[in-house]
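To keep things simple, chains are lettered A, B and C as they appear, and every chain counts its residues starting from 1.
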Amino acid sequence: MRTTVGSVAEMVGGRLLRGEAAHVLTNFAALDQADSTCVSFFGNPKYLEQLERTRAGLVLVPEGEARADHAVALVVVENPILAFDQIIRAYGALPPPFAAGVSPVAFVDPGAALDPEKVSIAPNASVLSGACIGDGTRIGAGAVVGEGVVIGEDCVIGANVTICQGCVVGDRVILHPGVVIGADGFGFELVEGRHRKIEQLGIVRIGHDVEIGASTTIDRARFGETVIGEGTKIDNQVQIGHNCFIGKHCIIVAQTGISGSTRIGDYVVLAAQSGVAGHLSIADRVTLGGRSGVISSIREPGGTYLGYPARPFKEDRREAMRVKQIGNLIKRVKDLESKLEGRLE
Amino acid sequence: MRTTVGSVAEMVGGRLLRGEAAHVLTNFAALDQADSTCVSFFGNPKYLEQLERTRAGLVLVPEGEARADHAVALVVVENPILAFDQIIRAYGALPPPFAAGVSPVAFVDPGAALDPEKVSIAPNASVLSGACIGDGTRIGAGAVVGEGVVIGEDCVIGANVTICQGCVVGDRVILHPGVVIGADGFGFELVEGRHRKIEQLGIVRIGHDVEIGASTTIDRARFGETVIGEGTKIDNQVQIGHNCFIGKHCIIVAQTGISGSTRIGDYVVLAAQSGVAGHLSIADRVTLGGRSGVISSIREPGGTYLGYPARPFKEDRREAMRVKQIGNLIKRVKDLESKLEGRLE
Amino acid sequence: MRTTVGSVAEMVGGRLLRGEAAHVLTNFAALDQADSTCVSFFGNPKYLEQLERTRAGLVLVPEGEARADHAVALVVVENPILAFDQIIRAYGALPPPFAAGVSPVAFVDPGAALDPEKVSIAPNASVLSGACIGDGTRIGAGAVVGEGVVIGEDCVIGANVTICQGCVVGDRVILHPGVVIGADGFGFELVEGRHRKIEQLGIVRIGHDVEIGASTTIDRARFGETVIGEGTKIDNQVQIGHNCFIGKHCIIVAQTGISGSTRIGDYVVLAAQSGVAGHLSIADRVTLGGRSGVISSIREPGGTYLGYPARPFKEDRREAMRVKQIGNLIKRVKDLESKLEGRLE
């Protein structure tokens, strides 16, 4: 990369607040690691201190922010995160481009439906009988596309992903390495002292524009469908049980678990390491804090919930404050006791 | 599928409580999604409201339950879940049937012991030297059966599963995709400022009829064996440390972790996202609630434990109730203080 | 194995405290499973009861420990765990030795850089274009080494591991099966009601002598590097977010999660199922207890923290003790109320 402050400002539609348009930039870095050759950005108030000290060649800042006294130049943009993203897309190390073709050491069952000149199948991938893969989709090395699986167009199926028989994946879906879609749900009945398997004969259906992180697992429905709604983004190591119905445009952060048959609305956010018990409903636009655990349905849309069992944000904070007062209470009760003792004698 | 209310009643040994035996059924669905062409069932009291409103063609209900006013027909059975299971087994989309044979693009080491006409080895699977696979067992695409591994009869080893060297798997075991059996236990000694690896030279032994969910990991023993007892069922993303001994017919739900050298009895239930510290014992038939964490042994069989640190159910509930009273306590103490203040003046 | 008490004592540099040097040993086992043919060891005070009852042929004990009344022989060593490790290394079932060569059914891109006579590539592994693998390194069956990945010397890359494009791995690194290195970080911006992907164009850099457990996932940096410092040991199913910087010689136990952009110092210990929020710093030699959750930076080195939100050990214990006193407080307040009531009448 070799560009200037002026060129960057022009590319991102920003306004030069300070510094010279001709200053040369050759790299990008975070505020605390940037030197005068680097573009950087201020996108999170947590880094205010870093902003004040950064020696970056150019910092992209939001309107009204000028505290980067040591930076060579400042450019004001509407959204520094998006603007910076534009720059690293132009100059960064992008993933290998789509290259159509089936590797000679991939396995594609003769009964699979795909256009070998319009899909990309990497070495040691396995596409089993009846699978159907849309144009523009790439299947990573070692990935397994099970019998009868349907995958849409322009998807990226990572290395060593497994999609089990019959599952359906929309368009522009990204599955990161190690994801398992459509393993059996966890269902047993205790019969004469042994756990008898309840057959799991449904599928998983993944909507358009869904992204799913490494090693996340989503179980097939007992019957019918486990559904991940359009545009929902799921992080690594998330577990979603059978027959769950996840709405559209949700954010589900790493290591969260959702038990079977739970319905999650649209635009719901589940922060990291949270959990939702089975057979519940969570309304649209609810936010669940990190490590929270929901054990009863949340029917009111839009609230923020914390703790285990999860409760409204304010309630959780209030109780946490009260617990901190126990020490003080003990002292006051002791005091009262001795005063009263004195009076009663 | 095309059947009638009468045929279904006969198949499951049920009694027609309401509706016509000739009514035609072509599908199955959950209560809230069923229309008059669908068989459904009422197996969980949480769905009482759905039962009352369902428009299913046939609902399988337990004895004494007749509230499905809008359903076309009701059939009484002893256990609606099992009866419904019978129906979806008869009419549902079953997994691909067992097809004996070794894929020409699977790798089977010449030193492996298996009957190629009685096992099923999928494309890109690897069976390494000294491995031994029983008749009727299928090895999924991309799965790796390590050196000297012994697998019994009629097992289903999912796609991209890894079984490391020397481990032993019983009969009728199901390992879902992404499972890792026999990675090294986590053991180090700090020597002169560096963590020195303690070699892990034991194995994992998995009993008959065990089922293990997607991406679960079970570490090999340091020496000797990590054991999963017969009939135990383990959900997705469970972690079991080295030298653990898990009893028979346990249920271990998703995202639970068990640290090394812990012994779990028979018929123990560990609910989702729970944890058990290392070097502990848990008695038979103990149930651990979701998200609980056990940090000392539980020697009495049969109890239910909750919380972190886990304690008996009643004790946990009692303390939770008490915490809720702090606000009230603060008010009462303030009241006492002002009353006493008044009297003392 | 066939040795004697005397030979073992000599091998580990120990002193025979009791028993006959000529006693024959043919196996090794834990204290509670050992018989008179077995070497065992006492390395954890939790097993004192087992020590007192063991019938082992030889127990390795630390200085000053002689309570193994039923054992045939005792040998005193400085560190029984390390001494026992020496014995199982000499006599135990070691993993298959390194065997140089590229399996004929592995895929190695012509553009990859490796010496086929000095590395070991197992069946169905895929080494993609531009990858570079050091001498003495073994790549397990089904593993995927992405485009441009650099792996050092003498590494063990387990079966079905995925290392994504551009990532860098040091020397003597062990990655257990199912590990995913360099999947995209989890980053989105909400634009007109849809989550727009923030491209993740950095890499993961793993230092020398790092060990990473089964199914652990480490995300690539948005730009720049996610770093795992030299000598750090990570257990199974750990999740490390994009742009994290983990110091040297840390211990990160199973199912722990670290959110993006967090910096962890050297010699930090994160116990099982713990979590650290994003954009934080944790100082050197801090220890985090099991299931703790850190939501603000810990700047002071060397402390022990517990709970969620995590706080200093003593503070956490004190509050836990106070919560237990609420029942007693309620009683005392009631008592005060009735006494005061009596006095005021």
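The criterion applied here is as follows: contacts are C-beta pairs under 8 Å (C-beta built on N, C-alpha and C of every residue); 3 or more make two chains touch, one makes a residue touch a chain.
Owing to the predicted nature of the structure, the values given are computational and were not obtained by experimental measurement.
Asker: Any idea what the CA-fit rotation angle from chain B to chain C is, to the nearest 5 degrees?
Answerer: To bring chain B onto chain C, one rotates by 120 degrees.
Asker: Note whether the interface between chain A and chain B is symmetric in residue numbering, meaning over half of all numbers used appear on both sides, and answer same or different.
Answerer: Different: fewer than half of the residue numbers at the chain A-chain B interface appear in both copies.
Asker: Can you check how far apart chain A and chain B are, centre to centre, with Cα atoms defining each centre and the answer in Å?
Answerer: Spacing between the chain centres: roughly 25 Å.
Asker: Chain A: which residues touch two or more other chains?
Answerer: Residues 124, 142, 160, 178, 215, 237, 255, 323, 326, 329, 333, 336, 340, 343 of chain A touch two or more partner chains.
Asker: Provide the residue numbers of chain C that touch chain B in the complex, in ascending order.
Answerer: 28-30, 33, 44, 46-47, 79, 81-82, 85, 88-89, 92-96, 103, 105, 122-124, 140-142, 158-160, 174, 176-178, 209, 211, 213-215, 231, 233, 235-237, 249, 251, 253-255, 272-273, 290-291, 323-324, 326-327, 329-330, 333, 336-337, 340, 343-344
Asker: Once bound in the complex, which stretches of chain A touch chain B?
Answerer: 107, 124-126, 128, 142-144, 146-147, 160, 162, 164-166, 178, 180, 183-184, 186, 188-189, 191, 193-199, 201-203, 215, 217, 219, 222-224, 237, 239, 241, 243, 255, 257, 259, 275, 277, 279, 293, 295, 308, 318-319, 322-323, 325-326, 329, 332-333, 336, 339-340, 343
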